[in-house]
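Below, each structure is written out as structure tokens.
Common to both upcoming complexes is chain A, partnered first by chain B, then by chain C.
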Partner chain A sequence: MTRLRLFALNALLTLLCVATLYPVLWVVKLALSPTQTLSLSANPLPEAVTLDHFRAVLGSSDAQGRWLFGRQLLSSLVVSGATTLVGMSLAVTAAYALSRFRFPGKDSGLQLLLVTQMFPATLMLVPLYSLLQTLGLLDSLGGLVLVYATSSLPFCVWMLKGYFDTLPRELEEAALMDGASRWQVFVKIVLPLARPALAVTALFSFMQAWNEFILAATLLNDAARFTLPVALQRYVGEYKTEWGHFAAGALLISAPVMALFFALQRYLIGGLTAGAVKG
Partner chain B sequence: MSRGARRVAASLLLLFASAALAAPLRLWHGYRGGEEEAIERIARQFTAETGLEVEALAVPYDALSSKLTSAIPHGAGPDVFIFAHERLRQFHRLKVVAPTPALETDRYLLPAVAALELDGAHYGYPLAIKCLALFVREGVAAPDSTDALERVLPAHLSPDTFGIAWEAGDFYFHAPILAGFGGQLFGADGRARFDTPEMARSLTWVKSLQDRALLPQEVSGALVKTLFNERRIAMAISGPWFASEIDPQLGYSVHPLPVVSQTGLPMSPFLGVEAAFDSARSEQAEAAQRLARYLSVGDATLQRVTLGRQIPAELAAWDDPLVSGDPLISAFRAAAERATPTPNTLEMARVWEPMKLALKAVLQGGVAPEDAGALADRRYRALNREALPQADPRPWLIALAVGVSWLLWRHARRPRQPSPETWLGLTWVAPAALGLLALVLIPFVIGLSLSLFHHEAGDYTFVGGANFVDILTSRGYRFNEPLSFYFTLAVTLLWTAVNVVLHVSLGLFLAILLKEPLLKLRAVYRVLLIVPWAVPNYITALMWKGMFHRQFGAINALLGLLGVEPVSWFTHWSTAFAANVITNTWLGFPFMMVVSLGALQSIPADLYEAAAVDGASRWAQFRHITLPLLRPALLPAVILGSVWTFNMFNIIYLVSGGEPGGGTDILVSEAFRWAFQRNEQYGFAAAYSVLIFVVLFVWSRITRRLSGEEPA
Partner chain C sequence: MSDVRLVGLKKRFGDNAIVKGVDLEVQAGEFLVMVGPSGCGKTTLLRIIAGLETADEGEVYLGGQRVNELPPRERDVGMVFQSYALYPHMTVRENLAFGLTLRKLPRADIDARVAEAARMLELDALLDRKPKALSGGQRQRVAMGRVIVRRPRLFLFDEPLSNLDTALRVQMRGELSRLHRQLGVTMLYVTHDQVEAMTLATRVAVFNQGLLQQLGPPMELYLRPTNTFVAQFLGSPSMNLLTARRDGAHFRGAGFTLDAVGEASGEVKLGLRPQDLRVADEGPLRGEVLAVERLGFDGYAFLQTAAGPLAARFEGSSVEVGQTVAVRPLGDVLHVFSADGARALRHP
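After this line comes the complex of A and B, so read on.
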């Protein structure tokens, strides 16, 4: 490849990156500008810088003097963390069984998993509400965790099963011959090998719980237990939008997910594709 | 006593004390800023005086009504809630609100009490009134008639300034004008009617102001505020909330809306009454009544006036110089004397969507003012479906029984070799299967069966397949109109196809660029290009919605740099659709890029070397090596991507919001509107969802053939 072509390639990619990041810079600018309104300007760099919006969003507290942002961050972390934990532990065993064992109902089960994904989630809200009430799980983070974990299960199971399918069985068979139990084989051999897929799947269930707001807004009735997206919703009303607060909040909410993404990105390519190839 | 022990003792004491007391009274409201602060102070005072704890919750205003109607009937809602009176009839039918027989009707403004009356009983304690008035900048003569208005305004015109602004696309703002032209929204039978000469005349007048540039185009609340503060309009029509948005340096006065000179009738705005309502399901009904009343009188009123700048409904407050001496508040009381309470009927709730359609159509020039009434009329009839006749459930039950037993029989008949792994497999999947059964499959089956019912105000009637018949024959509107199932389906398919093609081609293109081995900054580029994927998609949607803003958006600013006229993105179908597609492409290409990167890595490099030796061009290499070998990896991603895009609710709902006139809605967002925005027609919405499900199911069958998989 000639120097010139390499240069052109770099220039093109830089341009594409700038185009991709432009909307993000625009949000950063809104978050740092002193006003609450949009301003007509193509320049994505802030003209005046203030941390007021961040201070207002981070420092929000309620009448009882509780530090709302801190509690909401905590409940977001608890819900997303627990969702990932519960969802993954249910998904890995199911996916492994679906990949390795033969048992009746396996194929129809797999199809059923896919089929449930095709029914619009927002329309499940009405039956779900009554169901959670029956279980006594309205207005509780536990109820939210259960719903999130089960609703991301089909996707997780499919991803993991696809990945398990690509792993060679010889190692497991050899270990079984040597007297290891199924469980030992699973924990000591299969799970470590499947690390990229586990990382990606965990990332997805974490993100799904971290970002969801329709269900959380409907089920939770206490401002101190709101998850962060529900809290953010307050800044964008139908009649009035506080763009500065919204932008600052949006950045604060996106930051942890982005950090996770970048920490796990080396798994992303392998984890997604190996599963997808056999899918 | 050590510090630790003391703390334990203290918390034990607290525990007993709180166990002895009743649970705190829960108060839900949608206030922000000063009004919220006032409510919290009043709640604290109430606790200090009565010893009853109050737990106030500020719910985003848009979510408050649906949260109330879902929580209270389940016994999970508040004891007291604050809301505007126009939903009262609906709250009453859903058994959400309790009557307030102890209301001292002579303590409050007469229209405020009247607004809370339903079939002879009163519901709620009136807190404040809200209506529209005319804000006039200092130095401008306040007009008392439309003739005077049209005389005053031209003096304030320049290329960059207008005369007056209000949110002309919203019926709340058009209603006073319609009334001023003598229009009656409801006929003698109580049904809404739109196709009247008064409607045409009122629309013609507004359009003529806009044609003369006295009124700017596509006015939003944010624009009114900016124009007024930048002294680019002489007047604005808005409500009491506008006062807090005006630049403190700017002098202005508030007046009642002018008289329409053609008819001699005053423009009569809607009067909204905010009230503290008692929940019908409160377990502490007596205390709840006490709190609601407390909020509405005496010191609480003064707090709401001084902190929240409310226009009080309590008569005694007007004797206080703090209230009567306040120019803004007394000006609004004068304006309110011409106002009519917003009808608290169900019929009123059905007016907004058709009128919004008609107003936008006229102001954008698509429809003549004379024809707009007919347009609204048709939309109204399409949205408000007559209650369907009850059907006999027996044939359906028999069909269900036959279907289930056939499935079981087929299953039992199938020869099966007993597998030693059966038990093992079943135990390993059991936890996941149980969870799925309880929280995914049961709601799914309930959702499916809801489609056979008609829902109205909490009551379900079995109607058999009538919902499906209505949808598939597109009853009430033409096949090629935005509300028809076929139109929406076509839009959805186009939306899915365009997005998937763009995602895959952009993703693949970037992946190929990034594959270049000499690229030193590859890792950096890759990280930067993944960013859109990591941003939560509702944030993406709202961010792009802001960027496409007609007056303040970055996209129009960029176009301005290139010398292109600002585009009003959401008034034409093609640009609104494009805005949705651009947003979704930005959001979706990184996924395809990552999948393509992984897939490209799995293609052995020596294939390309061999091809290069044979003299194959780069295009030939791409065509004959890359594409065929990518297919197995890309196809599942494409299938997954197409299902996601097909049901991509957030982008459509938040970016274009279906504008113009519902034209860019896809099937999911249409279903959502039927369920949550058009009188809770859950059954109809569920039927939509079933059809979505059927389309995707067929699609999955087709793609399984495409990917050459054996049917399971």
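After this line comes the complex of A and C, so read on.
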């Protein structure tokens, strides 16, 4: 009986793995195949292997001879990095205040943050566009950072507040008695203890900005400033679609995020279970 | 010289009045234990003195200076928390040095003070460990060391021994007493454990429902409790209280008559410590034995009498549950309180 159950369980998990990995393998096959077309065979392994698509994507340049991929990678990195930095520094301080201090408007403010999450991002497109236009920040990476950082703020604040709530207050009181100011308590006690939550939230923030497409496609005009997802979309044209380039680009773009995941794995696991059990 | 002075302190949380007007003076070098049941306001008082809570009304003076508005770090006060509150991401050495580093003391001074405290508390071998690798008693000592290195003028303890097992608690009580003698600083200690109050304190302050009930040396409180609350709170098993009425030369209660003492008249509460009562063949009180606590040669019998429950000491092993026995007081042992228990009228 248990043997049968074990077999069934393994079969199910294997099936799920295949279902998850099959599309990814397909993308790999597309990226490595020499053609630009979608082959309709079910075989996830490429018949011939070439790195041409990768070469083409990596070496792409525009009419003025600017190295597009390099610039786009840089703008993606800058936007995601700056979003994470700006968003985190705002979220961490806000979350701490919301977790520890009592002030008028605290509860309604927290709920308001949640409400903003209920609207789809596309709904904000027009108002954001006109806001950035007024500010003169259209087609600029700074404008994009501003939009990303503020739109990921509610989630980050809630996530971090939830974690701060689990940290024992007595630790902070002990530090206050030891002679620390509020700021020192925050920097020397709270932040080091919140490392798992900080890692998870920062990663979320980074990925959000790294993968975002609609806002970036709407707010940016100059191809040399495109973030990578927008650049990727350019391979899908009205009359022809370069599936090989598209697949190669998709793999290249997901590589940094995967690397980040591996690097932060230890914290991620800690962060996801954090708060469930104290200690 | 008074080191800590509280004047008319009041504190409420929402609709709950926790501290309802407390005046208290602590002399320099004293070991004052604040004791009372949970919710009596003793911990809140301690936190107000520390600066972790603000009083709604009243004043706090430390060393003659009014400190109501000062943040904790400007009060020169150290506190040991019930949960120890060690910084989990720092080693023992960093935990001890934290307060000194914040004050930007020279490295050499910090090292010297940490080494001194570590020697005093036998933490030398543990300095590079993290708190999670320490036992309860060791954590407790680190928590104390963290205060000692800073050399504050006032030590505050919030039920510091309540998470330790009995043997360790006895040992730590000894160490605390030694520390107090060695350092000679003022210590304020909150506990709900009357044994800690009796053994550690130079003076004990008993609190109930947000009010100071009585303040004095432990034995004075034990021998001359000012009301029935203090009388029953200190001493184990707690003092028996029997309702009686003065009738000429006698106190008469339900099913017993005792020789009257003192001036009290009308209805009174009689207080009899179990230690002053003996189970005997003959005696003015009788009741059925409900339970027996044998401590070896002697023990306590818990009776149901016509006047209510009564605990009395016995010697030998003659007492059995279910027996009906007599109890007699050993000499002049009668405490007399007013009928509502609020005032003591007479002590033996």
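One rule holds in what follows: the second predicted complex is superposed on the first by the 253 of 279 C-alpha atoms of A that agree within 3 Å, B and C clash if a C-alpha of one lies under 4 Å from a C-alpha of the other, contacts with A are read in each partner's own complex, and residues count from 1 in each chain.
In this section, a residue touches a chain if its C-beta (ideal position, glycine included) is under 8 Å from a C-beta of that chain, and two chains touch if they have at least 3 such contacts.
In this text, all values refer to a predicted model and were calculated from it rather than measured experimentally.
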Could you tell me whether chain B and chain C fit or clash when both sit on chain A in the superposition? fit
Taking the superposition as given, does A:Gln184 touch the first partner, chain B, the second, chain C, both, or neither? second
Touch count on chain A, higher of chain B and chain C: B
Figure out whether A:Leu4 sits in contact with chain B (first) or chain C (second), or with both, or with neither. neither
Is A:Gln265 contacted by the first partner chain B, the second partner chain C, both or neither? first
Quick check for you: in the superposed arrangement, does A:Ala48 touch first (chain B), second (chain C), both or neither? neither
With the two complexes overlaid on chain A, check the angle at chain A between chain B and chain C, Cα centres, nearest 10°. 140
Given the touch rule stated above, what does A:Ala175 touch, chain B (first), chain C (second), both, or neither? second
Output check: A:Leu193 vs chain B and chain C. Expected answer is one of first, second, both, neither. What do you get? second
Quick check on the superposed model: minimum Cα to Cα separation from chain B to chain C, whole Å please. 9
Which of the residues in chain A come into contact with chain C in the complex? 168, 170-171, 173-181, 184, 188-189, 192-193
Within their complex, chain B touches chain A through residues 26, 32, 40, 43-44, 55-58, 60-63, 66-67, 70-71, 74-78, 221-222, 225-226, 241, 416, 419, 421-426, 428-429, 431-433, 435-436, 438-444, 446-448, 450, 510, 513-514, 516, 518-519, 521, 525-540, 542-544, 546-547, 549, 551-554, 556-558, 560-561, 586, 594-595, 597-599, 601-602, 632-633, 636-637, 643, 647, 649, 668, 671-672, 675, 682, 685-686, 689, 692-693, 696-697, 700, 712
Could you pull out which chain C residues touch chain A in their complex? 50-52, 71-73, 77-79, 81-83, 85-89, 98-99, 102-103, 146, 150
Partner chain B, residues of chain A touching it in the complex: 1, 6, 9-10, 12-13, 16-17, 20-24, 26-27, 30, 37-42, 44, 62-63, 89-91, 93-94, 96-98, 101-104, 106-124, 126-131, 133, 138-139, 146-147, 149-151, 153-154, 157, 162, 182, 207, 210-211, 213, 217-218, 221-223, 229, 232-234, 236-241, 243, 246, 250, 253-254, 257-258, 260-262, 265, 268-270, 272-274, 276-277, 279
